[in-house]
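Presented below is the structure to which this report refers.
Order of writing sets the labels: A, B, C and D. Residues in every chain begin at 1.
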């Protein structure tokens, strides 16, 4: 359990809802849910969610902190925005799910080896390195994320796809060496560093 | 030319639905001069298109008959149909109202004999039955419904200038058809105004996930009401529009457009009871073969009427599912609408965790569409306080303008009439004050 | 017709050698034909769309877009930002809206941008290329440019998610948008009526991490196109295009299907209809060849 | 107007009547058989010229009685509106030509039908008098309001604002009622986001400052007698003094009481001081006086509160309420907001079943509550465990969890019950009971009845009749102020559960009806549904046998008895349904424009052919409110009705005199069809009990038939709705078939 997690538990002993309000992106909307279930019904991956969004909202209000944050449900979000467009209360459900996922990750509560979480992390690192995503490297790191052996297997499985992309010039081997990136990399990185600092400060403050 | 004799002691009632008609009659029967302006060619408004009322399952035309008789017999009441108020100026006790009267092309000579209808050929979607999936047509010369008051036929403006119009004129033996009739504008005085412009069913086309515009067998509750009515387009049989098949398994979707920031923010209050009522239509039509399923967020049966809800709940042929239906698709093989969503009260019901995700087919889906104020916010021809939902606020600053019925909130008939009766009193207070200062 | 200029945000996948470089190519051709100039935002960066939230928090993520908008406002002053990638458009527009709603966030992002001497005014409309086509150019003009009507092609218009929700194209429904069908019709082809997977999610960003879940959804999209006897699927979205196109072999292996459904961009259809070559239309970059379209392009 | 009667007939030949019928023959019938002194034909009688002809005859020829043979009496009412003469209408259009096929073989019977309708209308008008009112009425504009809560005060202020003086009689020592003890009320104005001031103090000040309003505190009604326009109410004070004042009409705004949750032990209401009802919470908030709300047991400021909704409501259990207040969830949101306002970061949870926040105001308020971090849980509370901290056990219906929550205070949403007097029909049931056991049962029911509020000196009991669950009328959806005690209108939660805004609207509505009743009484006009009717029941005392049928059966309790048990007709209470007339076995009750004769003579004047002519006659007595309009509409649809039928509209099935039945059978009619409105719990009869009374009487007509040795099928009674457009004609045609099967009546001569 991370230090931040402990601090948050201490701080929001009474109300998980308030914790979510303060720390989760768009978390202040959670209280507005009226349990109609249209989000759950609209989700294209609904059957993959142990706890669909409307239940997560109810669990938050019922104080089921651990169950919510360590759930992998919100990692199932495909960002299709069906729920947002249909929610009668205008809850930005997609964003709340993203926010909860991110918050759980920040607190170190994501289930081990949650693939989307891991991929997301790689993606974030990848794009931050040069300011633009390097698809080739991202793909490779994805294949090898479960170790070298698994990686080779996955690579083999994906080989035809890769070849297809290479042949149609929609993947470039050159990307493995350098590749695209922003020119003002140092400026870019300074901006991102500052943004991280500001956000961390906000969360830290909330946990104290 | 239409003539209106009105003074500052006259009460103007805008809208001749059940609320406006009630306010007008109550005031007229208390000896006040009343002018009632109604947009449609007949009074009675939306209730004329309802088959039955909840919770008594009685017939709206029954009370309409009494009200129309009261109207016919009361010399204090002037009804101007096919007219709309376009402008109101002045203040309490001294208003001047301008109305626009659309041509009916039929004058008061009309005896209601129906010769013109028999003479014309052109047919149009019957708005009285909401067209109902193209199932319902009427002639270009028509009486809107059997009990229409005034009992005067109407020529559809679309036949004017066609041969049909001449045929209608030729068929009329009492010289009631006037093809030269023009739109009229009229301005007259009033001391107080009762604003009773009522509601319209929310446009179901806008509720895109339910595909009302795409699937023939998804209809609205007001259409279902016409379908159940023996005077309606199917002769009272529950036959679905796509293929005329008997609709035995019917789903009702509550809050179709209500309680929804994408549509109407408010709860329309009446739709729960209306649906509970309509499950009776299914039961009455097919007995135990008729099955109704109600998809709801909260059932809001209206206070004293909760016993009605209890009775429906105990009917084994009616099921309730707490769920806002996410979407409807169509089974292209049989035309059945398929409802998709999640039952939010089903968590771990089968012991396997999770919620029940349904994809259920029905013969027919009825959208319990909500009530939208008839007059669009921002288009009121009078300066009064309108709330976010478009209803008239009970605001003292409205002066001598008093909302009645569904112009003030989403109300059931009983409450609308109750509220309209109060509005009549408030109008009387104003004109009595005028009388006091003017001396009778 | 007056020349139209926009500040263009291509996004990472549109770069040379990247997965939707074919879209980029065909869009360039299309813009030539329509007399539209796209001025790339100088030194743009990734917007972290789709999956960025998992790693980056709210402010860092939104700041990525803030930098792009700020650069655009500085260098392409007065020009609407236009994106071709649905995810890029969505992420950028979402960021702009969030900054409008939340002054605190706006202040913080500017604090971060100041580190590199940038400032976000957030006065720039963020638009999708489809909006430009419909609102600024119009079907009539597009129709007028058609030299080679796509006669005999039956095309399933697959709009997908992010071009469509939560913003969508003004006047279009989230559940049944018609613009793609209208465009197909304008180009002389035959749109599949009531294509019921028109707005079905393809699994988007989960294609990598949850391939089976994603591919199950893709399968329905392709099946439905076959059911309507479509010759190909057209889409405005690069995520959709790639997902639906490149996993068909894997789906075939898992489900014993025989999918070989070409998936093209609207811009490719336009290019061919406007009389351009298969190469200009980037048809050579199809993993599954759009044979009928290529044949037309040769006429 | 000259005393001499002058009869004139008018036959319209428009709308195809002239083409289908021999108008000359009709005219002959009218003058020869119908004894019209003059008769004119007109090709369009409802036209300006046609109507003018009639007007001229009235003005110049001294015509006092007119017979119009044209369309249905429901059509062209405005044109044929001659208030100064007696008028009957023969229905040749909807009643004859539209329901008979236009073929040669039918020509004769169609003409016979029309001939009969002319005879009937002539006979009817001959026995009619144009009603003019009794002349005894006077206008009394003073209105009595019973109850000084929100509803009563609003009613008083609204009435006074219309220029009518008011007296409020309030049982307690203060005005304000329940709401007087409330901290705030549910918002009544947009944006419906915050509880608002109740406005009670201002309202009390307004009442007290109003010169037209007199308030009687600590007072009750010891006795109320009379009728609209002349109610005399004895207002008794606690101290024993009393005064009697006269009123035009009465508004009963006696409000509600609350359900006692002691009956439901699971909520521990009796076990813990910290379990309170929603109304008791208002008291706690008032006590807090702007500070934090404290729990009763130990005065600790409440840090968490649970609102348990739907307590003892919407239930099928005995001793619980079968209905719902409807406003409990709005109250809970309001009260949870109190805690947010006064108790800092207090946890507020509302445990509901169906959240009832209807309308625009409701949904706005719900969202406002959510904004304020009130927790809403769909949960069924199973138990409240008392203790220093209360434990609420509930089933979370969304998470399917057996959950518990700890809190300092539990607030129970208990339902509103009407504050009404004893049901007069429960009182009457004792008298009407047929045996001692039944009488005893009825008495037992009465024992638990609440004390009287109005103390009416009415033959039919002391108070307003109950509709359901103790609430008062109206049963009519279209007519919420329809009352069974003319001139006495209930308003507020005594009619149905409601909040303050609705109660205020309702008060205005009742005030409207009250001033209208006073005005009507002043002019001798009937109230709804025969609005404006100036006739009234009169009776021949010498023929009366004091049988009390009329005083018991009057659906409106209009008829009292004098010391010798003769009926006293209180005409301003009367609604002109004629149930008394139908009830009277000796036929001594009549109206000027509707009597045993006006119908009886129509029946007699139908020409009944000889048996061997094989032309049966079927008498149809159809309620004018529903069955007759249904027949009109079926005529518009061109549905055929047997040529043997002769339809007579009646005011109500309850007004049908048995003599009409026996006379027509004796005269050789072959069948009789009676059509009234739906009776029973969901009655549709506009005169409440009229059709039930009528049908009850008709069920005994078998004896008569037996005496005459006639088949029982010859008389059939039905409940017919206005929508029975297909069914109504079928019922008549069925009778024709029945007659065909069983043969003609042997009573022809």
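What we mean here is this: a residue touches a chain if its C-beta (ideal position, glycine included) is under 8 Å from a C-beta of that chain, and two chains touch if they have at least 3 such contacts.
It should be emphasised that the depicted structure is a prediction, and the values quoted were computed from it without experimental measurement.
Across B-C and A-C, it is A-C that has more C-beta pairs touching.
Chain centres defined as mean CA positions place B nearest to the mean of all protein CA atoms. Remark: chain C and chain D have CA centroids separated by 66 Å (rounded to whole angstrom). Separating the CA-averaged centres of chain B and chain C is a span of 45 Å. Between chain A and chain C, the centres computed from C-alpha atoms are 23 Å apart.
Centre-to-centre separation of chain A and chain B, using mean CA positions: 49 Å.
Shown for chain A are the residues in touch with two or more other chains, namely 34-35, 54-55, 82, 85-86, 89.
Multi-chain contact residues, meaning those touching two or more other chains, occur in chain C at positions 174. Contacts with at least two other chains are made by residues 209, 259, 322, 327, 344, 347 of chain B.
Here the chains touching each other pair up as A-B, A-C, A-D, B-C, B-D. Across the complex, chain C is touched by residues 25, 44-45, 48, 75-76, 78-82, 84-86, 94, 98-99, 101-102, 105-106, 115-125, 127-128, 131-133, 135, 139, 142, 157, 160-161, 164-165, 167-172, 174-175, 180, 182-184, 187-188, 190-196, 198-199, 202-203 of chain A. Chain A contributes residues 14-15, 17-18, 31-32, 34-35, 54-55, 58-59, 61-62, 64, 89 to its touches with chain D in the complex. Contacts from chain B toward chain D in the complex involve residues 18, 22, 25-26, 29-31, 53, 56-67, 69-70, 72-75, 109, 111-114, 146-147, 151, 173-174, 229-231, 259, 265-267, 269, 298-307, 309-310, 322, 344-349, 385, 387-389, 391, 393-395, 409-411, 413-415, 417-426, 428-429, 432-433, 436.
On chain D, the positions that touch chain B within their shared complex are 14-16, 44, 46-47, 71, 74-78, 81, 93, 158, 161-163, 188-191, 313-314, 316, 322-327, 354-364, 378, 397-400, 468-469, 471, 475-481, 496-498, 501-502, 505-509, 511-513, 515-516, 519-520, 528-529, 531-532, 625-626, 629, 633, 636-637, 677-678, 682, 684, 686, 721-723, 725-726.
On the chain A side of its complex with chain B, the touching residues are 34-38, 40-42, 46-47, 50, 52, 54-55, 82, 85-86, 88-90.
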